[in-house]
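One structure, pasted below without further comment.
Labels A, B and C are assigned to the chains in the order they are written; within every chain, residues are numbered from 1.
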Amino acid sequence: MRGTRERQKWGSPATYFIAFVFIALCLGPVLYIVIGGFRDNSQITASPAGFPSPWRLDNYLNVLTSPTFWQQIGNSTIVALTTTIGVVVLGLMVSFVLARYKFTGRGAMYSLFAAGLMFPMTVAITPLYILIKDLGLMNSLAGVILPQIGFGLPVTIIILVPFLKAIPDEIEEAASIDGASRLGFFFRMVVPLSVPGVVTTGILAFVASWNSYLLPLFILSDQSMYTLPLGVQAFASQYSVNTASVLAFTSLSMIPALIFFTLFERRIVGGLTGAVKG
Amino acid sequence: MKRKDRIAGILALAVGTALLASGCASGGDSSSDGDVAMTFWQNSTTGEGKAYWEKTVADFEAANPTVTITMQSIQNEEMDGKLQTALNSGDAPDIFMARGGGKLADVVAAGQAMDITDSIDSATKAAVPEGVLSAFEVDGKIYGMPTAVLPGGIFYSKDLFAAAGIDAVPTTIDELNTAVDKLKAADIAPIAVGAKDAWPAAHWYYFFALRACSQATMTAAAQSMTFDDPCWLTASEQMEEFVKTEPFNAGFLTTSAQQGAGSSAGLLANHKAAMELMGAWDPGVIASLTPDQKPLPDLGWFSFPEMSDGAGSAGAMMGGVDGFTCSAQAPKKECTDFLNFIVQKDQQEGYANAFHTLPANTDAQGVVTDPALQSILTAYGDAPYVTVWLDTLFGQNVGNALNTGVVDLLAGKAGAADIISAVNAAAAKG
Amino acid sequence: MSEKSAGAASVLDEKTLTGTRKVGDIAPNGASSPTGRRPRRGADWRKRLEITVLSGPAIVVFVSFVIFPVVLAAYYGFFRWKGYGPATDFVGLGNYAIIFADSAFREALLHNGIIIVLSLVIQFPIAIVLALLLNQKIRGRSVIRVLIFVPYIISEVIVGIGWGLMLQTNGAVNDLLESVGLGAFRADWLSDPKIAIWSLMLIISWKYIGFAVILFLAGLQSIPEELSEAAAIDGASYWQIQRNITLPLLGPTVRIWAFLSIIGSLQLFDLVFIIWGQYIASTAGTSTMATYMVANGRTSGNFGYGSAVAVVMFLISLVIALTYQRYVLRRDTAGALTERQK
C-alpha cells in the first residue's frame, strides 16, 4: 500500500536504473566539458572522446587565477542579483494588483505584460540600444539590469498571478476585519504566503539573467564590465586555438548558477510541498 | 484605476520619446581643454597582432602627450555586427577597421566617415600606391587609410604536395583537378575551406568570376547591383563543376576559417589539408595555429588557376585592402595624425612582421621574408589589375546573400543559377 | 483557517476555490457584493492610489524598455534602412511582401514548426514518465532532481560551444561511436541537412527535458495524496490511478509547460546561432525565423527589413499564443482574464 509517511525508504531498482541512465545522458556532455579542461589540445585532437592522460591542472589554474574571470563573475552576480530583486519586487506588486483588485483596465494590463512574452530580445535590440545610450547608461551594469527587469516581468507575472489569486478571500477578509488595510494585508500576509512562487520566479529570473548574452554583448563594450557569458565567448574566440582552455573556462562559468540552484532547490519543492502538507 | 494606469503608461511613452528625440544628436569625444581621448577598434584579439597594436598606440601617445587612445580588440567575425550597431546609434569608435568597397560606401552615405583626402601627408602619398589608396575612395574622396594589401591565391603545403607526388604548382584548372586527385590518392584532404563563415567558400566563386568576367563588367555590376551579364552564370557553372570533384575537407560546412585547430587555417597549419584559397593574411593566421606557434616552414603560394576563354585578363588578382577609417565625429587633427602615423615605414615594418602579411607602404615591403608572401608580392606587381573581394565590393547586403548562395551550392542545396537569383533578391531587401 | 486548506485551495482552483468563496460572501472592496455595501469615497481614491503605487514602477520599466523599443522596431519595418542616421526610404508594406515571397523565410518557418511539434512530442512522454517515477519519496530524490535540472541551468552559449565541439565530424561523439564498435554510425551530425535538424532536436531536448520534469514534479506534488490513497483503497491499480486522477489534475501544469515550450521554440536563436554560425543554418536545414531575421537584417545591414521580420515573428507568436490561451488555457486562466464567478 502506498502513501506511508516514511521519508527515507529506498525505491525500486528499476526506478534508480532509469534515473541513472537519464542522469548519465544529462550529465555526459557536461562531464565532457569539465574533463576536457583537464587535457591539453594535442590530447583532444588525437583522441576526441578520451580521458585525460595525463591530467593537467594548468588550464583550470590559469582561469582561476585570472583576475578577469573573477571580475566577470562579480559583474554577472551584481547584474543577476539586482535583476532578480527588481523583477521579483516589481512583479509581485503588479501581480498583487492584477490578482486581487478589480478594475476596468485589468484585462488590458495583464495582456500588456503577456504580450511581452512574444518578443525576444533580438528583435528589440537596436532601438533598445539607442534608448540605453540616450539615457547615458551605455557600458554600465544598470544599462543591462533595467531592460532585463523589463523583459523578465512577463514570465514572473504569468506565474505569480494565479498563485496570488489562489489565496482565499477569507484571509483577506479576516485581515480587513482586524483593521489592516489592503497594503497592510499585502505586506504582512501576502508576501510570506507567496514565498514559494517568489522563489520559483526568482530562480527563473536569476538563471535567465546569468545566462543572458545578447543584451550585454551590445551594451557592455569595456572588457572590465563583461558578464560571464560574454567572457566565455570572448575567451573562446581569443583562445580558440586552445580548446582545452576554452573548456576549462566554460566549465568554471557553469558553477555559480549550479550553486545557486542547489541552494534554492529545496526551497522550491519544499515550498510547494509544504503548502499541501501543512 | 484604469485611468491612472493609462496615464502612467502614456507618461512613460512620452518620456521615452522625448529622450529619444533629444538624444539623436550625439557629441564627439574631444574635450575643449586640449586633452583628446579617442577609441580605437581593431580585430586582433591575441598574440603578436594585438601586441603590435598595443605598442603602436603607446608609441603614438608618447609622441602626442595630449592624446589618449583606448583600444578595443574585437573578434573578426563579430566586428561587422558590433560596428554596425555602434555606427547606427551614433556611438561609433573614433578609429575603426574598414575594408573599402560597398561596405565603406554605406558608412559614407550615412555621414559616419571622415573625409581625409586633404589630410594625407606627403610621406604617405609617396609610399602608398594610388591604386591601394583608391580602395578607400568613395565619390572621388578618400575615407580611410590602408595598412595592408591582401591579395588572394592558393596557399599550399610543399611537404604534402611532395608526399602526393605533385611536382609543379597547378596553373590551369585541369592541373588543379589532377593535383586534387593525387592528394586524394595519398589520403590527404586536398583543399580546406571554412564554409561555416561563408566568405571562405564564396572566395572560390569570386575567383571563378574574376577569370570569367572582365574588369568593366565587375565594376558595372557593383554600381547597378544587377548580375545579368552571362559571365556571372558561367563562373557559377564552372564552380559547380569543380565542386562536383569533391575537393574539400570532410565536414567543411561546419569548419570555421580561423578559429581553432579545426579551422581551415588550422588544418593547413597541422598538415591535415594541402591547400587553402585565402588572402595574404593567411601566413599569420596559420602561424598562430601551428603546434609551435611559428610560421609554417613549408608554406607556399600560387595564383588562382587560369581558365581558358574567360573575359578576365590573365594574371588579374583579387584582394582585400585592410585599413582604418576615422569616424565623422572624431577629432580631425588627432585622428588623421594617427592614420598617417600607422602607415609610416617603421610602423608598417612592425605591422608586416607582427601579422606576417604585406604592408601597404611599399617601402616597408622589404621586410617581407616569408616565401609565400614573396610569391604574392611578385604576382601582385605583375597583375594588370586588382579588384577588391566581391562581398566588400557589393556591400554587406548583397555580399552576404552572395556568400550564403555559394555555401548553398557547395552543400548541394542550390544550383548554379540560384546564386544569381539570390543576389538579385537581396538587392531588393535593402 | 489552517494552512492545509489554503494549500489545497491553491491547487484545486477549479474545484474547491469556488466552493470556499461562496461562504461568507463579503468582498472587502464591496463593489458588487450582494449585500450592497457601498464604497466610501475615501476608499475608492485610496484604492486607485494603491494600484498606481503598486503597479506603477513595473509599468514604467516595462513600457520604457520593452514596449517602446518594440513599437520603434515596428516603425522601422516600413522603411528600407541601412541602420545609419534616420530612416528615410519609406516602402510601406514592401518589406512584408518580400518576406512572404522569400523561400528562405518559408523554410525557416517550417523549421520552427517542426521544432515546436517535435519538442512537445519528444519531451512530453519522457518527462511525464520520469516525473511519475521520481514522484515517490525515495532516498536520493533531491539529488536526482538537482542533477536532471543541470542542463537547463547552463547557458545556451555554453551548451552550444560544448555540443558544437562534440558533434564535429572529428569530435567526441563520432570518436565514441568508433571506439564502441558502432563506427558505421559515424555521421556528419551538423552539416548533413537530413541529420542536422535531428541533432538540433537532440540538443534542445537534452537541455529542456529536465525543466519539464521539474515542472511536472512540482505539479504532481501539489496533488494531495489522499486522493490516490482513496482510489487505492477502492482497488485501483497504480497506473489506473495515474491515468484517471493524477494526469488530469496535472493538466494545468502540462498546459502551461506546453505554452512555454511553444513560445520558446518560436524564438529559438542562441543555440542555432552558436553552433551553425551566421551563415550556414539555412544550408543545414536548421534555420529559424530568428536566425533568418539576424542573417537578413542585422548581418546584411538591412535594418528595415530585419525589423519587418521581427514584427512578423511577433504577430505569428501572438496569434499562436492567443489561440492557445483561448482554446486550451481558458479553463486555467479564467480567473485572471475575466471577472470572478460569484
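Throughout what follows, a contact is a pair of C-beta atoms (placed from the backbone, for glycine too) under 8 Å apart; a residue touches a chain by one contact, two chains touch by 3 or more.
Predicted model only: the values in this text are computed from it and were never measured.
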Least step count from chain A to chain B, where 1 means the two chains touch: 1
Between the pairs B-C and A-C, the one where more C-beta pairs touch: A-C
Chain centre separation (chain B, chain C; CA means) in Å: 40
Chain centre separation (chain A, chain C; CA means) in Å: 15
Contacts with 2+ other chains: residues of chain C: 47, 51, 55, 59, 64, 67-68, 72, 83, 168, 170, 298, 303
Set of chain A residues in contact with two or more other chains: 103, 109, 125-126, 131, 243
Junction residues of chain B, two or more chains touched: 1, 5, 16, 20, 77, 85, 88
Residues of chain A touching chain C in the complex: 1-3, 6-11, 15-16, 18-19, 22-23, 25-27, 29-30, 32-33, 36, 47-50, 86, 90-91, 93-94, 96-99, 101-103, 107, 109-120, 122-128, 131, 146-147, 149-151, 153, 161-163, 165-173, 176, 181-183, 186, 193, 200, 207, 210-211, 213-214, 229, 232-233, 236, 243, 246-247, 250, 253-254, 257-258, 261-262, 265-266, 268-269, 272-278
Chain B - residues contacting chain C, complex: 1, 4-5, 8-9, 11-13, 15-17, 20, 24, 77, 80-81, 84-85, 87-88, 106-107, 109-112, 195-198, 250-254, 256, 262, 395-397, 400-401, 403-404, 407-408, 411, 413, 425-426, 428-430
Touch list for chain C against partner chain A, complex: 1-11, 13, 17, 20-21, 23-24, 26-29, 31, 46-47, 50-51, 54-55, 57-59, 61-62, 64-70, 72-73, 76, 83, 130, 133-134, 136-140, 142, 144-159, 161-163, 165-166, 168, 170-176, 179, 206, 209-210, 217-218, 221-222, 224-225, 228-229, 232, 238, 263, 267, 269-270, 290, 293-294, 298, 303, 307, 310, 313-314, 317-318, 321, 332-333, 335-339
Partner chain B, residues of chain C touching it in the complex: 47-48, 51-52, 55-56, 59-60, 63-64, 67-68, 72, 80, 82-86, 95, 98, 102, 168-170, 188, 190-191, 193, 276-280, 282-284, 295-296, 298-305
Partner chain B, residues of chain A touching it in the complex: 41-42, 45, 103-105, 108-109, 125-126, 129-131, 133-135, 138, 217-218, 221, 223, 234, 237-241, 243
